[in-house]
Amino acid sequence: MPLVAVIPNPNAAVEMREIVSPTLELNSALLEVELSEVCGTDVYLQQGRLEGVPYPLIPGHVSVGHLRKIRGEMLDVDGRTFKEGDRVTFLDVHRTCNACWYCLVARASTRCPHRKVYGITYGLADGLCGGWSQEIYLKPGTRCIRLDATPEQFMAGGCALPTALHAVERAEVKIGDVVLVLGSGPVGINAIIMAWMSGASRVLCIGAPQARLDSALKAGAAAVLNIETTDEQQRLSWVLEQTSGRGADVTIEATGAPVAVAQAMRFTRDAGRVVIVGQYTDHGPMPESAAFNPHLDLNKKHLDVRGCWGSDFSHFYRAAQIVSEPARSGPWSTMQLARYDLSQANEALEDVAAGRVLKALIDPRGVAA
Amino acid sequence: MPLVAVIPNPNAAVEMREIVSPTLELNSALLEVELSEVCGTDVYLQQGRLEGVPYPLIPGHVSVGHLRKIRGEMLDVDGRTFKEGDRVTFLDVHRTCNACWYCLVARASTRCPHRKVYGITYGLADGLCGGWSQEIYLKPGTRCIRLDATPEQFMAGGCALPTALHAVERAEVKIGDVVLVLGSGPVGINAIIMAWMSGASRVLCIGAPQARLDSALKAGAAAVLNIETTDEQQRLSWVLEQTSGRGADVTIEATGAPVAVAQAMRFTRDAGRVVIVGQYTDHGPMPESAAFNPHLDLNKKHLDVRGCWGSDFSHFYRAAQIVSEPARSGPWSTMQLARYDLSQANEALEDVAAGRVLKALIDPRGVAA
Amino acid sequence: MPLVAVIPNPNAAVEMREIVSPTLELNSALLEVELSEVCGTDVYLQQGRLEGVPYPLIPGHVSVGHLRKIRGEMLDVDGRTFKEGDRVTFLDVHRTCNACWYCLVARASTRCPHRKVYGITYGLADGLCGGWSQEIYLKPGTRCIRLDATPEQFMAGGCALPTALHAVERAEVKIGDVVLVLGSGPVGINAIIMAWMSGASRVLCIGAPQARLDSALKAGAAAVLNIETTDEQQRLSWVLEQTSGRGADVTIEATGAPVAVAQAMRFTRDAGRVVIVGQYTDHGPMPESAAFNPHLDLNKKHLDVRGCWGSDFSHFYRAAQIVSEPARSGPWSTMQLARYDLSQANEALEDVAAGRVLKALIDPRGVAA
Amino acid sequence: MPLVAVIPNPNAAVEMREIVSPTLELNSALLEVELSEVCGTDVYLQQGRLEGVPYPLIPGHVSVGHLRKIRGEMLDVDGRTFKEGDRVTFLDVHRTCNACWYCLVARASTRCPHRKVYGITYGLADGLCGGWSQEIYLKPGTRCIRLDATPEQFMAGGCALPTALHAVERAEVKIGDVVLVLGSGPVGINAIIMAWMSGASRVLCIGAPQARLDSALKAGAAAVLNIETTDEQQRLSWVLEQTSGRGADVTIEATGAPVAVAQAMRFTRDAGRVVIVGQYTDHGPMPESAAFNPHLDLNKKHLDVRGCWGSDFSHFYRAAQIVSEPARSGPWSTMQLARYDLSQANEALEDVAAGRVLKALIDPRGVAA
């Protein structure tokens, strides 16, 4: 019986449990987990800040492991069959309906109301549907991706990488652009990597704390600024100095703080692009102190402001390809990872919430029941 | 000596003056004005709400007339020479530098800091550089457009038409989209026409007063709602009813009210597009009551919000082409025009400011000095 | 037992048969056909010019009718259930896999190798899977669209409309563009309507015979040219005359003739767009007489040439919406339709092949077995 | 009196001459040349294969040097004045009219019929208007770019870099794409660098001779194939092997051979993008052996084929920025350069024509008259 870590209720501590391994349906599989992830969303889950979550649940949406048992046939997108023992990962959003107006007419599947997400929309009652577990049940229809990268390399990107890839793709970075990233958490760091990979001449980052800014520099940022020691005016001056007085061509907001949205607009040059990817939870409306001026900050600037929600299979697949390509994987190889076993999940959540670690991983191997 | 109408100072009444007709430079011309325009920008000019305006000035940025005198050669974009007597119009922004970073690198000429605009950036000291005049001096380099439409047809669109064309182009309307236009002034009405012409299955309009909403219906709106008799919640309900509960595919904000910006976002479906084209003057930041929520209104909605500033020669040229095409000109033929002579400019400004007329035109002919 | 019309083998005459009505699977339905279609693809099917077709088969890919029997639940894209008696249509490509690289990574579902198409990829052995029949079996997962238009109005567009909508969408028509359509068959005529609906200032058409060019004019073309009485040079001259000597901004090729591809490029202005949507069958390589010059026809012209294959649910859905919108349906209301009963299918094929009719419809009602 | 190298007539050998240094107009300057370039276009110029060239002329369109004398004011795009001694470069297409339909309405300035190009559209009678010279006369309005890179670094990119940047920009490379470059001359090599910089997971190159393929590998290609030892079928097989059997996501044709155009289409996956940038001279129509099949190669493939002509200030400016950025300049630092003095221009042309050198530079310093 596999061991799992469970959030029993909002604001309750994570507990370990044993649950029965499922009987496999046709064309499903069981994944033996090597690494799963603790990200900001998991902190929100534990704090009860996401709507419609069926507690108790097993968190862990992006994971890597070996296919331990397959019943029937599991295929990759090229139609090749997987065999037991293969190392794979899979998109946590394993099912969109391909039948609703958002999927079929708007072609905006990240807004499909019927999305099914491992580690978020499934409860413990649904079985092994989260990555903080020794095993995950890969339901029929789940499209696995064969992984050539090491588990560590891939998880260094983790769920932040496809999110950042989506955001940077939406930013339409042009060769030679100066890209400003607000925020130095996992999405911010991966956005730096993606912006550089898209042809930016320089990537700037404003964030905190200093340890994360050091990671930003290692990830390829040309210059960084600490938000803890500067006010908005100083940040604006710094950005203008770095950009011939014009502001960034592209700004990627990846902070989680509502005030950052108006700042992102002000830090961007006229006719530039702003992608908002850091507002994943409702922190209420923008505070009056950040009050944004539709004339000065948007209309007269002829600005493009683009919200960016989730990621789809395409982003995830390309993220896995890029990380697996030796000539591309450098930035993730050097990223600092903090490893926790299943029994240390509460500690991991605390470290992530406090920003003490950049990337926390759950390694469920070698824990006896 | 041609008669002109002049705003002497911010908040001062318009006065009539006579000024000396200029000596033409090489490749310049004198335009005998048939019709010029009184738009919202002129109201702002009179109220001193635009920065850097060299008072006293002759207002009137978009105008139509006959080439009365040409010195040297005036060419159209196809390289054909104009001759005296030709009926033409011209883009008020007659000069962008084609030499700065915004013109050459960003290709965002509407943000060129060296734009020269008839009726706005020129003062009386610069001569006949506004349309509220019997004559306009067309400086060398001004690209005229031969006009096949009647002056009334073209001026029914006036400066609002290229602005609306630009906004709707930026909205990337797809065939079958439901487009919502906020505002029923000249830009709003022209946005309705442009959205319909771009393939919308239905165009909705929220505005006021009723007379303008009637114009909206005549211009092609499928349904209208009066902002004076509804609150934000009622408007949202109405939009959802009209759109299978999803919101508009595209919303064009053309109101002038900061509160409309957040509403535009809320009235739009997830993954839709919002164009902000109505915030042409600084009314201060968005009020707290309208405070927008970065998570709910932007990021989670995966929304595109696009500021839209000014228009360039391409928009103006295509506007003139469309209005001149008999099979296309219908909507402008029926638009109600209010005509004023030069001595009635103050009355025209008041009527526009009060929303009593949809489109006010200055007709400087037949006024004796 | 419903009557069907069957192509037994390539180049064999269509025969009528009776086949057993199926037992419905869960969430499937039986459609009582009002009208189905005879299009160019059916001619090719009868001539054996499409690969991988499982003869014998029931042709008829786009159809309209009433839901006669539903087992379980049939939903539309808004999640509303259909009831028996509802008038509906459905995309013939009722299934793409949503699991392969083309569906998931390239997001190019019209190139999904697992597409299932009513009237084309199904054989008689698969049951009632074509529209030349009194009944069609709507398999589980088929997304029906409720139809507010009359069957005649919708079928006037038929399969040509979503194809044309896709082509014109890919052409990115801008307000004021001059659009040239090559070909005056159903796709060409619908491309004229779509191009006009997308904001073209004028739509030109080169085609034949004269009867179809008359339809082109009725559909909104501003000017037409008969291909039977002109050579390439004369056509080019005509296009240049109509376009200030530059060529069309956009050309939609919808002819079926390989030589038209190079002509489409030459008839288009520099930096314009060409969409190739008429090359649906292999007529061999471009003949030497049409030999295209990569320097003059493509590279120096800075041209965009875009192949356009098939259409997806989005195109089909929006086509149905547009046709159902009273203010939009005009062009299809006046289109000339030729109606045939099931026993006249061979005659219909001949008339279509000979270009004697613009749009041929099979009406399977009122034919006794 | 500065020394210049002149092509007196088509097919005549280059000759050295001395010409009088010009009297500077207001806001013009004299550039002391450090390096100029010998590219494929110069070979065509010498062979008389370009139309409308005013022989005799001084070739050399892209050059680097010091501002030796300034009369009046020379400004960069940020409005900063240059001073004598500054190292600069400038776009050879120093003037587009900003007044014609292509410049103003189509916004396609590379198709402006009034382009003025140093080293191509100017004859000897126009003075020092080519780079194979000790001095170049920078006419009023020429926008110089301050150069932080070394002359060698910048000229390693030379005119091929902005061309390649334009081509790759038009290809819309997405992160993770496999990009295939056809051709391993200067444009091909720079396209490899640009494609990699745009996020390709792997860049492939098919070209010749081996020395250039070695340069391709050094520039970042993951794999190369020699065109001299393979036929079309073998090349196709190789591409399919490298791309999971699908073909490249993006192909950049930079060969100069008409047959490569159809091959580029066949080597690309369905729904992919092809940019044609190598057909700069008229080699006549595509030969019958290469005859392309509109159904198989374009329409059914749902392919985008994009001609790409010239480059504008934006491409040139961003090229200069990228080369000057230390973290980006690596690929150009290692590129092999062949240096010739003014008297060796004929030898340089021969070496370029024969493909014996990748990049040939004229260094006019240190040659006594």
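Couple of notes before you dig in:
Residue numbering begins at 1 within each chain, and the chains themselves are lettered A, B, C and D in the order written.
Heads up, the rule we're going with is that a residue touches a chain if its C-beta (ideal position, glycine included) is under 8 Å from a C-beta of that chain, and two chains touch if they have at least 3 such contacts.
The structure presented is a predicted model; accordingly, all values stated were derived computationally and were not measured.
Counting steps between touching chains, the shortest path from chain A to chain D takes 1. Here B-C and A-B were compared by C-beta pairs in contact; the pair with more is A-B.
Here the CA centre of chain B is 40 Å from the CA centre of chain C. Averaging C-alpha coordinates per chain places the centre of chain A 43 Å away from that of chain B. Among all residues of chain D, those that touch two or more other chains are 78, 101, 106, 244, 317-318. The touching residues of chain C, counted against chain D in their complex, run 101-102, 106, 108, 110-111, 244, 246, 249, 258, 261, 269-271, 276-288, 291-296, 298-310. Residues of chain B that touch chain D in their complex: 75, 77-79, 98-101, 104-107, 141, 143, 312-314, 317-318. Looking at the complex, you find that chain C touches chain B at residues 78, 165, 168-169, 174-176, 194, 197-199, 201-202, 220, 222, 244-245, 317-319, 321-322, 325, 327-328.
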